[in-house]
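Should a chain be cited, it is by its letter among A, B, C, D, E and F, assigned in written order, with residues numbered from 1 in that chain.
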Amino acid sequence: MDPSASGMGSVDPRLRHFIEVETQKQRFQQLVHQMTELCWEKCVDKPGPKLDSRAEACLVNCVERFIDTSRFIVKRLEQTQKSKAGFSESLSD
Amino acid sequence: QIAVANAQELLQRMTDKCFRKCIGKPGGSLDNSEQKCIAMCMDRYMDAWNTVSRAYNSRLQRERANM
Amino acid sequence: MDPSASGMGSVDPRLRHFIEVETQKQRFQQLVHQMTELCWEKCVDKPGPKLDSRAEACLVNCVERFIDTSRFIVKRLEQTQKSKAGFSESLSD
Amino acid sequence: QIAVANAQELLQRMTDKCFRKCIGKPGGSLDNSEQKCIAMCMDRYMDAWNTVSRAYNSRLQRERANM
Amino acid sequence: MDPSASGMGSVDPRLRHFIEVETQKQRFQQLVHQMTELCWEKCVDKPGPKLDSRAEACLVNCVERFIDTSRFIVKRLEQTQKSKAGFSESLSD
Amino acid sequence: QIAVANAQELLQRMTDKCFRKCIGKPGGSLDNSEQKCIAMCMDRYMDAWNTVSRAYNSRLQRERANM
């Protein structure tokens, strides 16, 4: 009985689709802001007259490795939660 | 809803912390030693989360008992 | 005339209780995340193969001292606000 | 509502800042020197908050006068 | 076709004004918190028995320079967006 | 609405980052060298934002293609 889902039940499907797409866009943007800040710290120490190719490559790698890390953590978390349920219980408590 | 939001918050903070700790200069792939570091980091972070959770819980219960 | 309180007036008391409990849970969780990050920085410098007893004790002390600090600040703030009202006025301005 | 949220935000940021500044390694109790440090830190933080508030306010008023 | 604006259309103008003023207050407060934290780090390294005149002057300058920086960035951003539209397109995408 | 919120978020983070980087001790005015530093800093920050945006987008598209 998810209250937000039941609340969405009477909503026009097109509006619903619009909201879902907007929510996804927002998540994408939020992550772009977060990664820009993090990778800026790692790759652009002293801002110069232009973004040199080394900083550019570092930024691209930084995004790729950050997503890798995120995927790796989620995957490993799912495996751990299958074997021992203690953590998930304390979380949903 | 809250449990999901809570897990996402934990995930986000853990990813940020362990990425900063384990990835010095981001290279062309997540190499083996980086993966090991992330695995260890996330286990310790969840240990810390559980310890903090328990300590805070027991503190609140002690305070309620003293009221 | 608190708008949210008056808005709650017509709400089923059981739903109201449910919302209050959920809000408290959420605050608890938010503080757990905040303290985990802070105490992790103070107590777990280099993550090892397991959380050793020293780091564990440090984490527990860290939580206790953080709550102490929070209680101490709130208590002292209440005393200060009684003696001079200037701060509270500028806050609610 | 806003005043309450505002006071809570101030409280939260002040607690975080003063805890980081005054508690080096958390021990078995909040000792006397730590309490003094927190008291001083919170007074200075609120001074700073008041000074920033006034400076921002007077800046906005100057800008409005120039429009 | 701004959904929040059209939603506001049927609202009592006095309530509308109240909401606008409250939103502005909230933005003001949020910026005060942000600047206090930032300028505290720049100007008040070791909290003493009182806020000395040097720290006080530093805080006032810090607020003025922060607003200057913010105005400078917004102004320059508007000029840049007029000359090349690439950035604004990728933003509103 | 989202585009506006997004631009504001970028603006806020950029202002914070470039202020910290370019203003050592805040003086009586924003002098010429500080203005140059801020201009350069904001250009590089937006470059970084664009690069990150593109890299993340292309990663998501590669992942979708592999599903």
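Here is the rule we use: a contact is a pair of C-beta atoms (placed from the backbone, for glycine too) under 8 Å apart; a residue touches a chain by one contact, two chains touch by 3 or more.
Keep in mind that this is a model prediction, so the values were computed, not measured.
The fewest steps needed to get from chain B to chain E, moving only between touching chains, is 3.
Of all chains, the one whose Cα centroid sits at the greatest distance from that of chain C is F. Most remote chain with respect to chain E, judged by CA-atom centres, is B. Separation between the centroids of chain A and chain B, computed from CA atoms only, is 16 Å. One simple way to say how far apart two chains are is to compare their mean CA positions; for chain B and chain C this gives 18 Å. Computed from the mean C-alpha positions, the centre of chain A lies at a distance of 26 Å from the centre of chain C.
Within chain B, the positions touching two or more other chains are listed as 6, 10, 53. Annotation for chain A: residues 39, 43, 62, 64 touch two or more other chains. Each chain touches its two ring neighbours, and walking from chain A in the direction of chain B yields A, B, C, D, E, F. Interface of chain B with chain A (complex): residues 1, 3, 6-7, 10-11, 14-16, 18-20, 22-23, 25-30, 34-35, 38-39, 42, 46, 50, 53.
Listed in rising order, the residues of chain A touching chain B in the complex are 2-4, 34, 38-39, 42-43, 58, 61-62, 64-66, 68-70, 72-74, 76-77, 87, 90-92. Against chain E, in their complex, chain D makes its touches with residues 2, 5-6, 9-10, 13, 17, 21, 37, 40-41, 43-45, 47-49, 51-53, 55-56, 59. Against chain F, the residues of chain A that register as touching in their complex are 22, 25-26, 28-33, 35-37, 39-40, 43-44, 47-51, 55-56, 59-60, 62-64, 67.
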